[in-house]
Structure formats: structure tokens, C-alpha cells
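Got some structures for you, see below.
What follows is subunit A paired twice: with subunit B in the first complex and subunit C in the second.
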Partner chain A sequence: MSPVVITPRLTLVQVYAIAKNTFKEAVRSRIFYILLAFALCLLLFSFIMGLLAIGSLRRVILDMGLATIAYFSAATAIFIGIGLIYKEVERKTIYNVLSKPLSRSSFILGRYLGIMSVLLVNLVAMTLVLAGVLASVGAFTPRIFSAVGYIYLELMILSAVALFFSSVSSPVVSAICTVAFYLIGHTSSSIPSFLVPLVQSAFAKRALLLLYHLLPDLNLLDINNLVVHNIATAPGFAVRGVTYTLLMVAVLLLASSLCFKRRDLV
Partner chain B sequence: MTVRTLAGVLVIVLLLAAVVPLHQQMAALHDTYPSEFRSYYIPSSAYLKVACLGQDNFAADLIFIWSIQYFDRYKQSVRDTYLLHTYDVITDLDPRFYEAYIMGNLFLSLDKKWDMLYSLSDKGIAADPKDWLVAWDAGTYAFFQAHDYAKALQYFHIAYARNPNRPILKDMLANAYKYEGDYESSLHYWQSIAQEYAGQEDHQASYFRFAAERNIFDLTIKIDLRNLTSAVAMYRQAKGAPPPTLRALVSSGYLKSLPVDPEGKPYLYDPKTGTVTCQTPFKFRGKFGQW
Partner chain C sequence: MDYVLQVTELKKSFRGHLSIGVHHVLDGINLSVPKGVIYGFLGPNGAGKTTTIKILGGLLFPDSGEARIFGRSSADRSVRRRMGFLPETPYFYDYLKGAELLAFMGRLYGLSPSQLSRRVPELLETVGLKGQGKLQLRKYSKGMLQRIGLAQALIHDPELVILDEPMSGLDPIGRREIRDLILSLKEQGKTVFFSSHILADAEMLCDQVAILVKGRVVQEGILEVLLGSEVRFWDVTLRGLETFSPPPGCSVLTHRGGQVLVRVESEAILQTLLDKARAEGASVRSVMPHKVSLEDLFMAQIPGGGP
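So, the complex of A and B:
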């Protein structure tokens, strides 16, 4: 039997096969449906909340709808992402996969694309419900799609983080680390606004600002507030947002791949 | 279904049956606490901004909805302490939450907390340099309820500068000047309104033209009476006695000419007391007519 030559075309087919398998696995997961059902209920409930806020029906539906999508899709990314690699190792199914002429990097990439496709389906379902609720009160705005687009960018980073931790540790540790990343990502913006004014020393101020720029600031990718107030994003913001996300994802996937390559699975 | 399953379901039903009255009793006991001791605490917006993980608007909405539902559960003493803080937090979380400014102003006006109302409105006015609604809202409270016409003028001027196309803003500016006692400025705005709607026949134009014509009529009399009274006072101060007739004011140089009212009738003068009156009645009557 002649040895299999790994060509770029074969790699793509392999990555696609892994991604498809990951998608199927994720949509069979009960947690996926539970989170989606909760999110859809909350989206519908936003209509009732809007009625309670006198004169603010449109804004409450938009705020609550976009916040629900952001929170629940992040939870889905974390819950599904943390077990992606570990489960394969634990069930020993990884040996079947890696015994094929498939690089570990392709496996990581396939897993990542799989989870991103699941999250895309999830996001589309929630966005359609939100659009329906908004349309039912005559408040539909196509700008929700741009807000959801930015939520997807955040999910791209979050899933890469979950995948990275999943490739080096157990699901519990991965969950703790990914949630910590999410919390840091959404609270780091308070460093310049909240912590820096509290310190007196100029050196400490500079150190805090440096720390802020080193940490991820996921709030930068959140344009929900702008959409609610019909404010356009700054020119060039979208390009920078997408580039920043792709860079972060590339770094995390590369790190996951390196860690996974060094991992002794025997 | 096995007996064991049935027994399990029965136990669940019995437990639920016990929970309901217990909950009712707890709720009844809770209602006996004085309202000011019920929990009412909102952390500062700086902490909330961190805690809501970027969804500041959503957090603002939740506190806003809560503030509306629970407003009348608290005594005024509690509201005095927390009402402005609540709306301060909401508008810190979302500085462009117009409904919160409007609702906060409404609640503060019910307690007649005018300084708090102005403070909240000033924040809203500063938050969005294009918005005129918050300034308009604050101006109407200052005008109709606090009767603080100087403050009303300040807010109507901001609203008018931001949206000069709203005829009601010019109308309110003219009214605020009138009640503030600056009749000349008020007359200037009413004349501008009358000019703007001259020859137009739609409902809005007739409404504003009607108001402008009546106000111009009344203000002309008011200005004339004030000028005449002032001239009489100056004459009295100089000569030690009021003038024998109004014409004496013109011949002595205190007036350039003797005015007549808008119907062409002369003003009446009592030389004994030195008072000047108008024989034509004012056109404006009603609640705000006593100016």
C-alpha cells in the first residue's frame, strides 16, 4: 500500500469532515437546546418587559434582546467549547482520528470551525426571533444584524479561548479559565475609567493603562448601545474589529495547536 | 405506572400543597414591615457598569422598570433620599436614556423636588447636544408647576436653539418672557410667530396666529401702561405732584407721544392718584391669564 500524501486539498477535506462532525456532536448536546430555549423565551419575554417600561417598548426589546443574545451565545460557546478536545481524549476517540493521515493542527482547526458553525446557527435563530418581536411592534431595524455581527466576533475569540483551554486541561478547569477570560474581557474597560482615577502615582497610572492594553477588551466589540441609539460606528471601526478578532483567533488557535502537538496522548 | 412512581408523584403534590400556604403566610408577614425597611439599595453606577459585563443599557432598563413599578411603594422620606440617586444611576448607565429623564422628572415633580429635577435635566441636556426634549420637559415643569419663569426661559432657550422648527418652543419662550415680566422680548417672539403664520390656513397656523394676535394685543397694552406709569412716577418725582393730564407728560418731555390702546382708544388717567388704566379689556383670560 502506498503512503497517503497530505495535499492542501486533502487537508481541507479533513478539516471540513472534522468541522461537520463537531457540528453534529454539538447539536446533539442537550445543553445547546436548553440554552437556546431559555434565550428564545427571554427574547419573547422582552416584549412584556417593554410594556412595563412606559414609553420605552422599542428600546427595552432591543436592549434585552441583544443582551440575551450576547449572554446566551457566550454561555453556549463556553459550554460547548470547553469539552471539545478533552472529551475526545477521555473517550479515546481521538486515537481513531489521529491514526488517520491528519495533522493535529487540522484537527484543532476543524473543531474550531465546527463550533463556530454551531454558534452561527444559534445566533441566526435568536436574531430571527428578535427581528420578529421587533417587527411585531413596528420597531424593526436592520442595524440589529450589525450588532449581532459584532457579537459573533466576540464569540470567535471566546470559542478560541475555550478550545485553547480544552486542549491543555480538563473541562472544569477550562470552564473556570474561559469564564474568567470572559469576565476579564468585559471588565477590563473599567481599568482606565474606574481604577486609573483612583491611583495617585503617575507610574501606577501608566502601568494600569499598559495592563489595560494587554488585556482583551471585549466591550470594544459590543455596539449594542450604539444600535439602540441609532449611532453609527466610527469610520474604520469594523475593519479594526475584524482584524483584531482574526489576530486573536490566530494566536489562540496556534497556541492550542502547539500545546496539543506537545501533548502525549499515549 | 408503578406504585412507587405514583407514591413519588403524590409526595411531590403534597409538598407543593404545603409550600403554597407557607408562601402566602410569608408574603403576608413581609407586607407588615414598614415600607422604608424593605430593601432599597442600588450600588453606584461605577460598580454596576463592571457587573453588567458591557450590557449597560440592559442594566439601565431593568432599574428603570423596577423604579416605575415600585415608585408608590415607598414613603416620600425614602424617595427623597433615593429617587434622584436611582435616576442618576440609570442615566449614568445610559446617558441617552431619554425616557428615564422624562420619567425621573415626572416623579421628582410629584414630590416638588425642583432642584433635583433641574439637576437630572441638566445631565440629560449635557448628554446629547442634539436633543431638545429633556430641555423642553424641564422647561414645562419650571413654567407650569414651579412657576420659576427664569429657569423655564433658560430651558426653553436651549430647546429652541436645538430645534428652531418646533413652533411650540417659540410659543413657550414668548409665554415665559411674558410671565417673567420682560414684555418687550415676549412681544418680539409673538410678533415673529404672527409673521410666520400670516396667510396660512391650516389648523396649527390658525392656533398659533390666534394666540399670537391676542398676546400682541395684551402686551401692547401692558407695555404702554408700564411706560405711562413710569413717566407719571418720574413727573411726580420731579414736580412733587402727578401731572394734571397725560398730555402734560408729552409737553414736559417724559414721553415722545401719547399712545392709544390697540383698539384706538385713549388710556384713562386719574390725576388725583396718578394711576393709568385701559378701558379696553385684555383678551387673555383663564388660568394663566392673571399676569
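So, the complex of A and C:
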């Protein structure tokens, strides 16, 4: 009998179909709109706060606005990401999908691209509102777009982490682990800048630096403060940030695929 | 013979809670499904039917042995382009509409949007869901979900269709429609492999069956051969008899208002009975031969289920 070949084109079509379905799943759920509406309200609230803070209108709106975007996007990424694989298995919807000529890696990639497209739409909506608020008080700066770009890079990592945990554990455990990753990622930079100068022993210094290199550092992607205080980023910052993100995402997606590849779907 | 599906010495076990103990579900099963037949995979609950079907669908991995579809391992996803699959009690994305689900599944098989625009309405009509394509799946009844499940299994016009309990959750009309659909698939030259515990449906549909009990195939073959053509007994209904003493080898099952139902063990005694009845002025209302049914065959294989 003639063999049927799975072409790269078919794989692309499949990944796109899974991503599109993931997007539909998110935008047809009520919780997505509740989170988005809450974030938009907070952005408008930053405008009111700015009016109250006499003389620092621009700084307050930018500071609150970017922080709102960062936190709500992260919350959405974690909330959707932790159920991406687990819920499919739990609800048994995965049986119909993986019994098609679709590889499990393509499924993982499709789910990931789906959540990234949801987060992109989310981010664009919030950024447009922030830009509008800033423009209304004559404080618009195009640098908010770079700040949001870095937030998106962080979301790429965070979603990949949530997806990884979702492929191996329950949503509660995944949520705890992903939030822990987020908190560690935003505090690990204090190891070289704060802890290392405090210790005397060369061995302890080396151990702390090794620990720092083993932990994620999401502050490498955080330029919100620089934008708020109108400080330029160091040369090579963008290249380092993008490389760091792509490497992290590649490793996490590969790990998710490997964990999921031979898993029995009971 | 040209087999589209062959299972050889397939074994599968699962670890218990906290990895304590091993539960052997499949204990070295063998199956051979020729091209173009309707093949019934029968067995009581917990026999291992769904586990086998999940291995065929690439959802589970066997401990040992192999399952080959179109000559290739069932784990090879390229074989699934020629195979349709319906899992037991299918669960779908309930936020999708019926037509959207079919289009989504069709895309996973690589069907183009133009192919889908023709195929989706055609299939909705085939499974009796015409006009329901724009309804969200969360509003579908259990029977409608089973139908849309069948439709998604057929979206790419596969050569082999594997269905796990396709009649489950359907009312008698729905079951009949699905039976007709399965028969029409056979007429189109497709091979249908389905599991069921509804023996009456299986007996009506199947060319071949396998009976699975506790992870082992205890019977496999052509249904007619397995059941045989021999009549086991006859039930004869006689009318116009107030009293009747049957000849040896017969037993009266009921005698009410001049009507007698008699069970006869052999053809020779049947003739004696009919002669005696006529001689006593009775009229023969019916003579019903009973062959071995699939249920008899099935029950004989189940421990404690035999006659």
C-alpha cells in the first residue's frame, strides 16, 4: 500500500490550526474579558492618579500604566498557560486531536503560539489605551512601545514555563511553580548587585554567582523604569534580551515536548 | 489476505496509585482485520477494548507487541491520514460550533478550505445534523455529540474507520441511523473496526468479530462460521388445544387460552410434534428456529456467563 507522507506544509497547517483554536478558546471565555476590562480600568485609574500627583503627571501615568500592563499580562499568561495541556488531557478533548496525523510537538507548539497570539491582542489593546491616556495629557512617548515589546518577551518566557508545567502537572502545581519562577526571575538580579558585595569569602561569592546564572533573570527584559525616568538602554541590551528569551523558550518548549512525547493519555 | 489492521502479541499494563502494583489490561492479544469488512471488537466492560483502540489511535503506547495499520506501526502518525478515529464518549471543544469543529479537524488532516466548504455540510447531512452546524457544541445533546464525533472521523474520507462504542448514548432511531451509516461505509469499500457491548447491533452489522475477555482474545473469526448454521431448538406455537401432552423431547413453555408454546430439541421430534398436534385438531401458528446467537457465543466466553 502506498505510504502517506507528512509534509512540512501539513505540519505548518496543523500548528496554525491548533494555534487558531487556542486563540478562539481564550477569546470565547468570559475570564479573558474580565481580566482585560479590569486592566483597562486600572490604566484609566492611572490617569486619575496622575492628575492628583501634581507636577509628576507623566511619570505617574507611565509608571502605573506599564506596571498594570506587565502584571495583568503576566496574570493572563499564567492563568491560560497552566491549563493549556492539562485541561486538554483532563477534559479528554486531546483524544480527538492527537488521533489525527499530528505530532505531539506540533500540538505543543500550536498551543504555545495560540497563547502568544492571545497575549499579543491583549497587550495591543492595553498599549493603545495607555498611549491614548498619555496623548490626552500631552505626555506621549514612543518608548512605551519598546517597554511593551520587552513585556512581550517576558510573556514569551512565562507562557513557555506555564506550558511546561502544564504538560507535567496539575493547574494548581503549575500555577505555584510558574508564579515562583516569576518572583525568582524578578529578584535574582539582586544576587550579583546586592548579595555578592556583602559576602567576604571568594568561594561564597563564586557560589552565589553560580546560583545567579542557574536562576532565571527576568529583569534583563525590564526597561519600565528606564522609560519612566527617560534613561537610554545600554548598547546591546535588545540583542541580549531577545537572545535570552529565544533560548529560554526553545529549551522550555523542547522540554515540554520531550515530557509529553511518550506520555500515555489514559 | 490483505489486512489493513494487524495486532500481534499486544501487551499493556498500568501502574496502580502511587505506582503500587501493576494492572495487566492487555495480555498478548492478536487481531487480523481484512480490507473491506465490518469488524466487531466485543467484550464486557474492563476487557481492554478501549485500551486497544487507544493504542491504535496513538494515544497509548504498548508495553510489548505491535499494532500495524496499513503495514505501519500505529505510532506512525502518517497512517492516521488514512484512518478515521472516534474515541469512546467523545469530548469536544464546547466553545466551537459543529461546523467549526469539523473544519478544525479537517485542517489537521490537511484538507483545504475549499474542500472543507464542500465536505462539512455534506457530512452534517450524512450524520443527521443538517442545520445544526452553527450551534455551539455545548448546546448539543449526547446523541448529537456522538454524531458529530462520527462526522469528524469521516471528514477526510478515510479507508479505515476505528470507532469506540459508536452506538453509545444513542436512542433506537439514532442507533439505526449509525448502523445504516456503518453499512454504507462498507458499501463504499471502507473497513470499519468498532467496539461495542451492544451485541444485537454487532450481530446485525459485523462480518467478523473478536471477543476480548480479561485482556485476551477468546474468539476471533468470521461471524457466520463462529455462530454456525445449525439450529439449536425450535419454538412452536399451536392453537386450539385445551389440553395437550407433548411427545418426548418437547417441553411446554406456556399454555394459555388454548394456545401452547412448545420448545422442541430436534428436527425429527419437530415432525412428530406437528403430526400429533394436527391429529388433535390444533392449528400451527408459527415454527421459529433458534440458531446460536452472538449473545450465546459471547456469554459462553464470559466466566459465569454460560448457559
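In this text, the second predicted complex is superposed on the first by the 260 of 266 C-alpha atoms of A that agree within 3 Å, B and C clash if a C-alpha of one lies under 4 Å from a C-alpha of the other, contacts with A are read in each partner's own complex, and residues count from 1 in each chain.
Rule of thumb we're sticking to: a residue touches a chain if its C-beta (ideal position, glycine included) is under 8 Å from a C-beta of that chain, and two chains touch if they have at least 3 such contacts.
Please read all numbers here as calculations on a predicted model, not as lab measurements.
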item	value
Touched partner set for A:24, first subunit B, second subunit C, both or neither	second
A:95 touches, of subunit B and subunit C: first, second, both or neither?	second
Which superposed partner A:64 touches (first subunit B, second subunit C, both, neither)	first
Touching partner for A:14 - first (subunit B), second (subunit C), both, neither	second
Which of subunit B and subunit C A:103 touches, first, second, both or neither	second
Touched partner set for A:229, first subunit B, second subunit C, both or neither	first
Set of subunit A residues, in rising order, touched by both subunit B and subunit C	none
Residue numbers on subunit B that touch subunit A, as the complex places them	46, 49-50, 53-58, 60-61, 64-65, 68-69, 94, 96-97, 99, 102-103
For the subunit A and subunit B complex, residues of the former touching the latter	49, 52-56, 59-60, 63-64, 66-67, 70-71, 182-183, 186-187, 189-190, 193-194, 218-219, 222, 224-225, 228-229
Complex contact set, residues of subunit C against subunit A	14, 54, 57-61, 70-72, 77-82, 85, 87, 89-93, 95-96, 100, 104-105, 107-110, 149, 152
Interface residues, subunit A side, partner subunit C - complex	1, 3-6, 9-10, 13-14, 16-18, 20-21, 24-25, 28-29, 91-93, 95-103, 262, 264-266
